[in-house]
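In the two complexes that follow, subunit A is the common piece, with subunit B as its partner first and subunit C second.
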Partner chain A sequence: MPGQMSFVQNFPCFSIILCMFIGIISSAFKEKIARWLNIIALVVNIVLSAAVLLYTVRTGESYVYVMGRFPAPWGNELRVGMLETGLALFFCVIMLFCLLGGRHKLVQEVEEGKQGLYYVLADLMLSSLLALIYTNDLFTAYVFVEINTISACGLIMIRQNGRTIEAAVRYMIMSLLGSGLFLVGICMLYDLTGHLLMSNIKIEIARIVAEGAYRPPLLVTIAIISVGLAIKSALFPFHAWLPDAYGYSTVSSAAILSSLVSKGYIFLLFKIIYRVIGFEVFHDSKIVDILFLFGLMGMVFGSLSAIKENDIRRMIAFSSVAQVGYIYMGIGMGTQAGMVASVFHVVSHVATKSLLFISAIGLTDVSGGSRKFIELTGSGYRNKCAGVAFSVGSLSMVGVPMFSGFVSKLLFSQAAVQNDGKMLPTLIVLGISTILNAIYFMKTVIRIYTPVEEGEYPTVEWWSNKIYASVLLCFVVLNILLGVCSQPIVDLIESGLNIFA
Partner chain B sequence: MIYTMVFPILFPIIAGFFLLVMKEPENRKILTGMTGAALLISGGSIVYALLSVEGEAVILFHLTSALPIYLKPDKLGLLFAAVMTIVWVLAGFFSFSYMKPRHEEPRYSGREKGEKRFYGFYLMVFGILTGLNFAGNLITFYLFYELMTLLSMPLVIHTRSREAVMAALKYLFYSFSGAYMVLFGLYFLYRFGNTLTFTAGGVLDKNMVAGNESLLLVTAFFMIIGFGVKAGMFPLHAWLPTAHPVAPAPASALLSAVIVKGGVLGMIRVVYYMFGADFLRGTWVQKAWLTLTLVTVFMGSMLAYREKVLKKRLAYSTVSQVSYILFGLALLEPAALEGGILHVVFHAFIKCALFLIAGAVIHKTGRERADELTGIGKEMPVTMWCFVFLSLALTGIPPTSGFISKWYFILGALHSETGIFSWLGPVVLLVSALLTAGYLLPIAIKGFFPGEDYKYQDIEYHDIEYHDISYQDILYSEKSAGNGKKKFLAEEIPIVILTVLAVGLGIWPNPLIEYISGIVSFIL
Partner chain C sequence: MSRMKSEDEYKKTKAFHFFRWLSGEKDPYIGNLEMKPQKEYITEEASIRERMRENQMVMDKVYNTKYNKWQILFRRFYRVMAVAFCIMLASLLLFTVSYLPPTGNASNPDNNEVAERYIEKGVQETGAVNIVTGMILTYRAFDTFGETNVLFIATCCVMIMLMIEDAELKKEEVLGDRRFEPKNDAILQAAAMILVPVIFIFGIYIILNGHLSPGGGFSGGATIGAGMILYTSAFGFKKTQRFFNENIYKVTKVSALCTYGLIGIYYYVTGANGIENHIPLGIPGHIVSAGIIFPINICVGIEVACTMYAFYALFRRGGL
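What follows is the complex of A and B.
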């Protein structure tokens, strides 16, 4: 009822539009103003999302926001619950940290006059992420998927050198393949059900399944959409675009891409599972098992590639493949507990991976800009702040208690022991992956703390770059908080998932 | 009460952390003074805790709502804490002398920096171990267990040589694999048990277990193997002889005497407090476990017998001796369990002292191989006399302490109804005792009776070339004889105290035996 609508309910729509507009306006301004506008957009978004989060937690249920008051099935809708606002808040915070933490590198690496453009792209990226999180309409989702792809390409390519252009082209091709598949999937769904709004599709699909009609097309649709989104989020066999894109772009881009962009697509997949296809239908299709298998393979092969890597940035990038594998494994378990674990791992991986990328740049900076391990020897002493932060990130990745990674492993395993069929493969692969993670992360930590002859590279004081150091501090605190008091977040995720469908 | 329990855990960790981030003090004495004070304060606070906290419990925080981080020291934990404290403080004071740079020459200046780091981690591991002993449930135990692995790794890696780095990595990977196996079991206990709190007799829910016995047995086996990594049990023992000897002598003493006991404590907790002895008695798990321990006992002694480098020999000896303890545990029988816990105490003192002796010898003469120790008795008489007593104790010759624990092992084995193991066990233990005598006593004999051809002077020069220490270095230490004498006295005192404990507990074992009987009758 429009009259009873609380003002807070408008905020999600505001924040999406605000980001778009700030992006458009910034392109007319100078770099400095664009940067400040970007920060303002992020802070305002954080405040708005926090307000909506409070509101949804208080009411305990999700609400549908009808854009322009055109009622379903014609109008466009946003749907907002705790999970959506929680993630939106979290993504905004992380994006702010990533941009602040990589700012000094941006100034060095991106040519003068194009830095303003960077913030335009970041604003667009943020608005598309928020839209993906909030939208209740499949076609809107598709539009923002494309906006997301284009701004991601820009973020990769803005540091102009051969590798990034190649990486961006590669990303573009793979990504377009993914969104193409997604589009085909949407078309087929539209064909099957005659709707584009998620809730309506779900009702129709429930009817179709009950009648037993259109089984093969439905299965194909589910498969196509899953694969499309899997390509975009770099699930194992489709991850070839990832290492270059994360490895060579400027550090803020790498952090944003690895932690946020792929998670946006994963969240869209969650949404499609719960809200479009229906959890039961999705579970009954065999696609779940395939995602599970790919997830497990990703966990092992991603880590193996990371072990072979001799370049710290690419190593962290390959570790993302393994971590995305964890998330898909959780989805593939096909249980509520598995989903909770997956969502928590999204949160935990976002916090950890961006920390790793941002701290790695501090280490390479004091090693003459080289990312090869041999040059990084002893860099933990030269930039103590980055060294400590990198170690914390590594410990979290390995899954040492007190850090966020441990809690997500715990949740995955708890989900696994309740699922008799997939219990053993999950636990065994979790074990293998833990050890592989330990191999390459601890190897790196030991490497950066191995002393070398002094004087070769400059030493940086703890607080020499205050913004960078405080960003790292925030990340470290965030990781430990997630590891120590995870229960409120897990509760939030559970109740969010309950009202998600 | 919370402070009594939390202080001995947090204080060393904070003190150690402070040492790590602190600026290098100009005078080395400030550093050792601070570390010594921190050690004494932590030791004192543990003694105070021992007297006052038994049966108390405190929840620190919740990891997730069902998994509290929870401290509840019981008698067993307090015993372990007492032993670890004695060893930790004594080895700490030994290290002040051992780590001292020999000169003020520039090329040694790097070593001082390492010294600060060493003490920092040394203190932090101390706090973690106290937490491990005080842990009241499995998840708390696991938390401290992982932290123990991580923070003791810098002690292994201390010299930063390539060998040390590789050993540390090996240590980490073995430990992480083991820890994951433990975690694997933890998930199942979480599902099939009533609680993760340590409860004498086990926590398994009878109704839930029905029909899933074989799954839980596999889980139990995994957990035993997992903790067996730390305790150096075959088949995942290979890290131990690599990692223990590369650490500086005080650190190897602690790794061998104390850190391995973390694995033993973990097994006691899992077998007697989580699964319950009744659940495992007579199953294939018990048989497999007994087999593994006996294999390890024999193999460790054999490898120690063949090994020439003293510290490596001692590390192999640890492999073998800790499996004596595990054999005692695996019999699931009161007397054997009592022997196991007794041997935890005795082996901690004996092995710590032996490693410190090896360190003192290296520090004074630079000799590392057992066959180079010929004639050492005249140079280091007090130390070598201690070595004699300790060798006898480890072999198990009355009236030293090792005899008592072995007596209980054999008693337990003969009483237990484990078929072939009830006689095979004692046989293996006796053979291993012979080997123990074989790898330790000749060093003492050669040390005091080098034979008539032996010329005491010759060896000195040989060593100087062998270890690439310039002749001036030796001269320097000879000249500052007053200083040198004090230094070696500081190394001898901890060794003598530990030897007195190792022998004395064999002569007057009754209070200890009674205390442990209390524990055993409570859990079995």
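What follows is the complex of A and C.
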């Protein structure tokens, strides 16, 4: 209610606008100031999100924040609950780590005068992610999807060589196709319901479904929106843009893109399922089964492509295809348990994939910059810090207990057991995919710990690059925390999803 | 008593120039205008050979089309499938559209309380006679702030792509820029001299009247940007830089966006917390009215004009 709001409730709005402000202001400054402004923005955002998270956990319900003078169906609004603030906090933390961990490579790989622009893009990317997380309006979501797409292209191509520009063009074409389908879907939804606000659309759709009117357009709309967001988050048959985009861009970009950008779109899909279409309606349409099938195929084929790969960065990129497949499989199960598992896998994948990308760069740096496996032999001894971190990330991806990947696989299996129709395929593919994951990750870990004679490559001390080493340490701790103390997080996700709709 | 002019004196007068031009004896622009005979661009033989060799190399290594039967088959399959997929998607969408509510029907779902309030109470609540501007800048102000940021980030991306930092490279680029176009085109300059002020004034008019008549920041800014592009292509970058160089560009762009942001955050926070709004709405129809719409329109206009001109300058010579 206006007038009785606590001051903390303003924070989501502040954090979105703050990121935009910092982005705009830092475009006028040199690289160093832009970098500090970016760090300030991220730290302030972490504090603000943590405060809102505490507030929402204490009240136990979500609240609506009206952006402006006019209430819901006329103006814009944000809706804030535990799940949203939790993810916002987590995304800010990961973004800070990604930018700090890749900083030394950024300095080497990006032209001097353009490094400031990198932070501008990162700030606006963060603002768009936060807006996607918090918004309760479909058209606002579309506007911020645009910002997200453009800044992602910039993050890919800022390392200017032929491959990254080709990758950025490919990413842009595929991503615009996805945005276009999403926009067509929004237009159709508006035509059918007369609203752009998520909650109002849901009421209208419930009415339409009860009346039995407009069945074919509704089905097509759901399909178009799902496919559009699936293209943008690299679900299996639409993943062709992914390996180049993640494999050749500078390491911070690769980590941010793989861990945060695709997850922003997946979270938008969660939101559309719960708040726009309605969980029941979405479940009754057969789209879930298609998403389920694509998810399963992604889990197998993504891993197979990763096994074939001879380039460590591209291998990690292909592993993302498999992990996105897991998330869509959880959505495709069509149960609450599957959704919880998916959200937890989003969290665990964000923590693990950024760790893998950032630790891989340490390994390639001590192998003469080559990413081929043959050159990487023994690199775990040459850069011990990156080697340990890479092993932790690999173990987590494979699903060894104590690490975050194990918990998400456990949650997926539990969800599968509760689901009669889809139990068998889920469990079988989960098993196959785990074995395939183990093949390529363990192959890499064994490769980096194969002793070689004193070669031509230099050895790096544990703490030679302090920022890099402490970022890796934080990531490792985060992974183990997610693996060991998973129950509070799962509880948070469950209660967040309960008040999400 | 009239005085006879001497031959030399007469040759300096405008009348002499005019009659000489009329009789076709001399072109007055010779000497002023840099003229080059239009030649067809001929590629050097060496570079053609190089290109052919590279093409052959790519063909051999990547798409081994000549010998690889699977490749040929796949390409054909790919083309057929691409066409089939496009036809399928188009027919699916057309099929869906046939099920949507018919256009202009009074009982359509989109004729609901949302549109009703915009139309009936729009003028009273926003102070803007132009309902569309009132809607995008007050009811849905957050979306429009995002949209303005889309323009901003698009310029950032183009800068990453095309900005040239190196001073030497920049010099070459400027020389190369003149390869295909004559310098100091007098016709263009004369036309620009008349048109540019009119275009600027018209753009400013569109921006300032955004809340009264069709238009607003986006269209007015685009008009001003077009005027600046015309000025630059007539008189060159050096003259434009006297009033619009990179520093001025940065300052105007950042201050416009920041002003917008500050107004925006004031508006969101006071609105959400139920605090009284201190920006008066004014009398609808007056030039200074409609509360926050008037300053926001100016900010958006500046941002759009800067973006348009920056795109042109970056594509043309890799810098402002």
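The criterion applied here is as follows: the second predicted complex is superposed on the first by the 500 of 501 C-alpha atoms of A that agree within 3 Å, B and C clash if a C-alpha of one lies under 4 Å from a C-alpha of the other, contacts with A are read in each partner's own complex, and residues count from 1 in each chain.
Following the convention adopted for this analysis, a residue touches a chain if its C-beta (ideal position, glycine included) is under 8 Å from a C-beta of that chain, and two chains touch if they have at least 3 such contacts.
Just so you know, these numbers come straight off a predicted model, no measurement behind them.
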#### Entry: Fit or clash between subunit C and subunit B when superposed on subunit A
fit
### Message
Between subunit B and subunit C, whom does A:443 touch in the aligned arrangement: first, second, both, or neither?
### Response
first
### Task
Look at A:162 in the shared chain and tell me whether it touches subunit B only, subunit C only, both, or neither; answer first, second, both or neither.
neither
### Message
According to the stated criteria, A:124 is in contact with first (subunit B), second (subunit C), both, or neither; which is it?
### Response
second
### Query
Between subunit B (first) and subunit C (second), which, if any, makes contact with A:395: first, second, both or neither?
first
### Query
More residues of subunit A are touched by which partner: subunit B or subunit C?
C
### Query
Touch check for A:435: first (subunit B), second (subunit C), both, or neither?
first
### Task
Please indicate which partner A:65 is in contact with in the superposed arrangement: first for subunit B, second for subunit C, both, or neither.
second
### Query
Looking at the overlay, what does A:212 touch: subunit B (first), subunit C (second), both, or neither?
neither
### First, second, both or neither for A:10, with subunit B first and subunit C second
second
### Query
A:413 contacts which: subunit B (first), subunit C (second), both, neither?
first
### Summary
Distance floor for C-alpha atoms, subunit B against subunit C, superposed on A, in Å, equals 33
## Note on the structure
Contacts from subunit C onto subunit A in the complex sit at residues 92-93, 95-96, 99-101, 108-115, 117-118, 125, 138-143, 145-147, 149-150, 152-154, 156-157, 159-161, 163, 165, 250-251, 253-254, 257-258, 261, 264-265, 267-274, 277
### Interfacial residue positions of subunit A with respect to subunit B in the complex
395, 398, 400-402, 407, 409-410, 413-414, 416-418, 427, 430-431, 434-435, 438-439, 442-443, 446, 450-451, 484-487, 490-491
### Query
In their complex, what parts of subunit A are in touch with subunit C?
2-3, 5, 9-10, 13-14, 17, 20-21, 23-25, 27-28, 65-70, 73-76, 111-114, 117, 120-121, 124, 127, 131, 137, 139-140, 143-144, 146-147, 150-151, 153-154, 157-158, 160, 165, 184, 188, 190-195, 204, 214, 216-217, 220-221
## Note on the structure
The answer for subunit B against subunit A in the complex is residues 61-65, 67, 110, 139, 142-143, 146-147, 150, 157, 160, 165, 168-169, 172-173, 176-177, 180-181, 183-184, 187-188, 190-191
